[in-house]
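Look for chain A in each of the two complexes below; its partner is chain B in the first and chain C in the second.
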Partner chain A sequence: MNETKTNSELIEICTFYLRNQIYGVNIQNVREINKNQVYTKTPRAPEFVLGVMNLRGRIVTVIDLAVKLGLSPSRTTSETRILIVDSHNEYVGLLIDRIGDVVSAPGADIDPPPANLDDVAGAMTVGVYKSPGLLINILDIDRVVE
Partner chain B sequence: MIDKNDENLQIFIDESLEHIADIESELLAIEERGANIDDAIVNKVYRAAHSIKGGAGFLGLINIMAITHEMETILGKFRNREIVPEPATIDPLLMAADMLRNLINNVEAGNSYDISEPMNALLSVKDGPPKDTEPESRDAAVPPDIAEIQFPDGTGGFQLPFEKLRSYRNADKRIYLILFDPADPQITPDELKNAVDSLEQCGYMEASSPDRDRFPLHPDQQTAAEPRITILYATILTPEDLNILLKPTPCKIYEYLEGEGLVPISELFETAPVENPDEDRTVFPKTTAAPEDIPETPAPAETNPQALHDRVPEISAEPSVDSKETVKERKSDSGKSLRVNIGLLDSLMQLAGELVLSRNQLIRAISRSERRLLEVCGQRIDHITSDLQDAVMRTRMQPIWNVFGKFPRVVRDIAQDLNKKIELTIEGKEVELDKSIIENLNDPLTHIIRNAADHGIESPETRRMAGKDPTGRIMLHAYHEAGQVNIEISDNGKGMDGGRIAEIAVQKRLITEEQAQGMSLREKLELIFLPGFSTSRSITELSGRGVGMDVVKTNLERIGGVVDVDSVQGQGTAIRIKLPLTLAIIPSLLVADGDERYAVPQANVMELVRIPYSKIKNKLEYAGGAEVIRLRGRLLPLMRLSHFLGSNDGRKNTPQTPYFGNGENAKDTEAMLPVPIDAAGAKPLNIAVVTTGVFKYGLVVDQLLDTEEIVVKPLGRHLKECKGYTGATILGDGRVALILDISELAGLSGLSSVQDEHLEIEQWKNGVRKAEGAQTWLLFSNGGKEQFAVDLQIVERIQKIHCRDIEYTGGRRCMAFRNTTLILFDIADVADVDAFKEESDALALIFYIAGMDVGILAAPPVDSVETDSRIDSGGFKQPGVAGSIIINGKTVLVVDVFDLAETIHPEWFSEQKAAVGLQKNILLAEDTKLFRNQMKCAMENEGYRVIETGDGAEAWECLTSRHDEIALVVTDLEMPNMDGFELARRIRDDARFGSLPVIAVSSLEGGEDIQRGKECGVTEHQVKLNREKLIQSVRRYMPC
Partner chain C sequence: MNIKTKLILLVIAGVVTLGAATIRITASLLEKEGLAEIKNIRSLLIDQRQIMLENLVDNAVRIIELKYTEAQNEGRSGNEADVKEKIALTIDAMRYGENKKDYFYILCMDTQTVRMHPKKEFIGKKITSDEFRDPDGELFLVKQMDAARDNKQGFDYYRWEKLGFDEPVSKMTFYKVFKEWNWVVATGVYMDDIEAMTERNRENIEAGVSRMTLMLSLLTMGVCSAIIIIAVFVAQRIGKTLKEAGVMFRDISEGEADLTQRLEIHSKDEIADMAHSFNIFIGKLQQMIQEIAEKADTLNSASEEMTELSRHFSSGADYMLMKSNTVAAATEELSSGVESIAEAMSHASSNINTVVTSTEEMAVTVTDIAEQSEKARRITGRAVEKAMGASERVQEFGEAAKDIEKVTETIIEISDQTKLLALNATIEAARAGEAGKGFAVVANEIKELARNTALASQDIRKRIEGILNSIRGAVAEIIQITDVINEISDIVSVIAAAVDQQSVNNKDAAKSVSDISMGIRDVNQNLNQSSTVFAEIARDIGEVNEMISNVSKTGAHIDAGAETLSETAESLRSLVFKFKVK
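And then the complex of A and B:
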């Protein structure tokens, strides 16, 4: 699912923003983008877990992606979305600040993460897509959700 | 070579395990009948073994084949009366069945298992001395009528006496004619030899051509004159089985049917499965029909008519439906498929159809926005949903026999090993439970049963000496009760020694000496569930596997069960398990903390208590820094949900000193107070009293909401490690609520059963209680002018009742309550006061008198008041009324419920008085009847026998005349004729009573009295109004 960098074919990347920085994930991992932000808090859970939500009868854990990437906890706005991703056959919700476009990236334009990327984010980044305008950090869903 | 994912293999495993379960119980049945063999049962086992063998042969499982083969041989000999089924011959078969189960459970590794042990055992039975009645002897008689059996082509034939034919038929056997053609190049002599050997093992060769010893089984015999081999063969094998038996060897098989002659078997299969009455109503999977298809389908297991009888197709459970995930992780990967009754599937299908129709209707209703139609749809969908839920749930239900079935064997084995005689009675084997619960019941139940057989039941000699039936009994009883399933495992063995258990627990430092002393028998017994408790001296090969009852308890809790234990020394032990019907849907209580709602499984909820804000000050107390309330005289540790969830951090201010509570205690505990007292807002204290099975605690929540049936859903992996939740559920508004794990919650908050006791003792030691002389009275009226008071401590509970429910039977009031009759009294029945007025609602104050609940009628409201006023037993004393007391400036009549009950039903008490026997008694000296009755009842309720006397002189007289019956003296200090001091002094001065303990009780706590009492020889001093402490003290001196 995450062989983003080896292929020379086009890879579709779903982009989104966290604190104005653009990130992307392989669209194959994304199940849906949810506007509903009603979730139940889960006290005593790990810090990055916001709570659990009801996705059509399924209990989905909602994770604050910002905290996971070592940023400060997110504040919800009207643009906040929950990205439902599939990791090891489990749906997990990632809270993001704003959703971006879906871009097609040729495998050749994806570079390995730069060495000076900080530890936390570096460990979760599979590559950087050099799009014409800007660089997009592509995250490894399995490692983010881990 | 063996692919675990092979569907055929999975089917083989499922079916073989079922066969083995049957084999085991049937072998035991065979053993029980001994020489009186029931061919039907033997044949059934034979067929089961054969089916397994067939499947194993097909899948290349050589070890399984080898074992089943030998099993068949022995069973065949049972049937031919060559071997008598007895423990010595059945044992190897059981051993073999065990090995089979192992082999099948570990199919991949199966072929490398060492199976020499069961094989040798089987072989030794097989080669054992044959019984004298030889089957040949039956052949001797020459019958008059003879059946000619000729080939359809008329090329050969045999003669078979009709009588013999009939005897075969009676024995459930079939007659086949089998043809081999040795000239066929596809037949190797080895194959032929194998085939002939197999035939010999599975049946009887009635006749053959050429004779058996002239079969051309070697290459050099190939030239023999006979072109082919014809065998007339009698066996219990069904045509399918026979086909499998001879599969690799090309041959022709005909079955001989009376009236029809020979019928080729393949035809029989394809066209007329109805021929076999057993299979009459069964649905034959098409694939098993033709023998050529056998390689694709492991037909052997299907061929057992029994297995097909239920018309059960395979459906595999959708993994997400499988509530396995809801119950934490589970290792067993068995049971990936489920057998479901076709009828049930049909009804599911039908419901799904109805659902579709309703959806269409709903869509139409929405588009037309017709409110009435919408309502109808809503109702209909509501119905269908609950039916659907019910049906889906039933697909997961399995009879508890799936677990119980193996216990006859377990008990039999233990009994044999230990030379005990044990009879196992099983009741309620048809009770159904969710599959996942059934799967997880096995280990805990096995442990308990082993314990009962191993430690519980004594040897026959010991039992005989104790005057019991030398055969011990173990009862296994499952039954439904209030939407739950109860399983009771009781034995009539030696029971458990509460004292000894407590001793061990003290030795192992699980509890302190003092805690042990304060414990009731039941509490002591429950110590066996503590982690680290295992009565070391009882470890034996059988049950001492390092697994204690604590593991049993944890395992049961994991599947939502609650377990408790009861035991009478010398008479036996009973362990009761309460289980939910299913784990997927559970009735729950919803509670709220702040804005979030949580679910507490109803199984854990005992009762709900709400303390109004104005009463919190009085009710909430602190013991060793922990919040407690008194619930009917017992301390209930409290745990605040908000504290556990950390939700009040920063939300509520933390006062520097506790807002209330008694001052001196507060100083000690200030620093340790775990929870700031909620000073803001006049909120009541809402408490859900919950039980973990071992102990109770009060869960303090912001709000107590509804009870609801919730669907348990598993939590994601990030929350699996997060303790305190068992899962989540979706509420009516679509939001998610977490389900609280009551046991883990207690553990995480540092509560434990020991601490429960600890609190009690801590409090007792520190003397935290309020003014000791003060007593709490329950004030009530019966609707008349008078106000009454009764000691709150003796009130069991207060029940709201409707007056229309009150019945009059035999001139007395009573009402049906929870399947029993609650007897109701009015004070006016005895005392000269206004009579109770029946209005719409009333209260019944429930007391425990003479072994039963008795209600006193009262009109709401009731109130409780604490006062240290003394009872004036002057002017107002009359039957049922002990006197009067001034409360808040008013005169209130003090009701003596025991006197009241005794006046109406003197017979209740005479029985108790007559029951003085072997057991030692407590001598009670007390001049005030109210207190005497109360203390007596308190002690009697604990199971002690009490002799009551009115003053010191009476007591002394009784003591001197019946001194060997008395183990403890409880005496008042101030009494007419002879006071308690004098009584104590006399006891101490008399050599006969040297060590007789004397507990002095007084209504007030006076240091002077205590000092003086000690000088006179009083062992201990107690306040008579403090029932709890008095009982604790009595327990210390009375043997359990």
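And then the complex of A and C:
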């Protein structure tokens, strides 16, 4: 991933919200943000899998990121979006409550996750960005979509 | 001393007396009989002795006679002294009795001397010699000789010394005269053995008597004890029954009065009969007392009821009295009220004229009011129309504002889309790396624009919302104004109608006033009559009052009577309840 980059380099992070908590993913992992929420439910899938969607001819699995992170299942609102991410050339749709922004973070401001973050979310965190006024958990997409 | 003790004492006294008498009589009888027997035995013994002595002396005299006859026949009379001596020695040799101690002796009447005696020193001695005095001082030989001279033979009793005895002992002597020689032949035996035997017998008898007395005493004592025990037992039973009866009597008499108790009947004697009768009596008494107690209860409750009734009666009378007082007071008030009314009426009569004048003035004013109120009605109608128009125009403005809001929402949506587009563009630019740098700047610009647009639109939306709120307030106020104007219009209409009515009424009023004036005069007259009637009523009420107070007094009397009755019933109860009957 990008941990090997030098501290002076800027990392662009796409931020979003789950239950009013801000999270982020490296923009290199993001394919696009989709407003369309039409997906087909798949039978006998795990609880966090909502179904599959057709993204311009490509079949994309849609998962409820909240459930994956150990939260309660999400409810769809007008602000709900699907974040299409790219993990090992496979597209996966992550259902999020609200989109944030793209922020540029200096590598020096990203800390490794605290040792006591031993819950599900902690296991999927690659670092914490201390932006002015708030902390953003940066998720490891490969582990999220495993 | 109670009956039991008395009975016991009586029995003891009787038994002891009887026993003592029995012992005494028996003992004396025994003693008498014993003594008589001793006497018999003694006289029998003495008789035997006498016969023996008589035989002995007869034999001795016969021997002397035989010797004498023999001597005569042999012719030896010449030597009579020898013969005499020889015969005397023969007689002297004739000893008898125990150890041959008993002997004969011979007295010579001619010489008044002792002719022969075992004690040789006595021979030849004068019979008057002091040696032949017995302890009583009598010269018993002289006495014997005198008696022998007269009677030829006989017994003599005296006391004479006996060998082995310190004192002279009683002696019985038989004497017989041998007349040829004027000799008195005699022999005697001591009576001491008989006396001793008699004495012994007497002692035996006395011992027997005392033994018998002792036995009798013991027997009597035993019998007495048995009798006394029986007597005590009987007396105790009698005493117990009597005591129980006594306790019951005392209980009944002293107030503990337990009538449920009964005497226990153990025996079948007169006491049992008495106890039985007494039990029946107590039973009847108990029943009677029970009945009396019940009656006392009934009486008590009756008297309580009566007290209650009389209390009710009393309180009823009091209440009546109070009411009649109230009526009297009310009547007085009424009477004075009537007078006030009469006064007020005359006042009213004078006021009526003033009213008539005022009514006419009012009629003019009313017409004026009617015209003004019609004008007001017209004005309010116009105001309502204007308000309606304002309301419609405001509503139209509201609709326009809503249209603007819709447009604003569309703008916000577009800016949202634009933002998403810009974000996706940013992502694309980032993925393009260095090649996308310039594009990223453009995408950022677009994103910034979209954000500003969204902010402006939200501001517009907020303002429109404020306008819409103001419009809603204005519409509500206009509606209220319309309502108020309508109410005013209604009121004005009512006033107009009322004024019309008033105008008509005024005319009626003028007529009514004159009617009233006349009516007041009639009323005044009636009131004067009423005043008289009220005075009569007041007097009657006074009488009623007096009667009621009499009734109240009677009630108090009844109450007192009932209380006395109650007390009597109570004391009867307490009297009866002194008896225990259950």
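Keep in mind that, in the parts below, the second predicted complex is superposed on the first by the 138 of 146 C-alpha atoms of A that agree within 3 Å, B and C clash if a C-alpha of one lies under 4 Å from a C-alpha of the other, contacts with A are read in each partner's own complex, and residues count from 1 in each chain.
As a convention for this text, a contact is a pair of C-beta atoms (placed from the backbone, for glycine too) under 8 Å apart; a residue touches a chain by one contact, two chains touch by 3 or more.
Computed from a predicted model, the values in this text were never measured in an experiment.
Once the two complexes are overlaid through chain A, chain B and chain C fit side by side, free of any clash as defined at the top of the document. When the two structures are aligned on the shared chain, A:35 is found in touch with chain C, with no touch to chain B. Between the C-alpha centres of chain B and chain C, as viewed from that of chain A after superposition on chain A, lies an angle of 110 degrees, to the nearest 10.
When the shared chain is aligned, no partner comes close enough to touch A:76: not chain B, not chain C. Counting residues of chain A touched by each partner, chain B versus chain C, the larger count belongs to B. Superposing the two structures on chain A brings chain B to within 21 Å of chain C, judged by their nearest Cα atoms.
Once the two complexes are overlaid on chain A, none of the chain A residues touched by chain B in the first is touched by chain C in the second. Across the complex, chain B meets chain A through its residues 596, 644-647, 713-719, 722-725, 727-728, 730, 734-738. Residue ranges on chain A touching chain B, taken from their complex, read 38-46, 49, 51-54, 57-61, 63, 90, 92. Put simply, chain C touches chain A in their complex at residues 417, 420, 423-424, 426-428, 430-431, 447. Contact residues on chain A toward chain C in their complex (touch as defined above): 12, 14, 27-28, 30-33, 35, 81, 99, 101-102.
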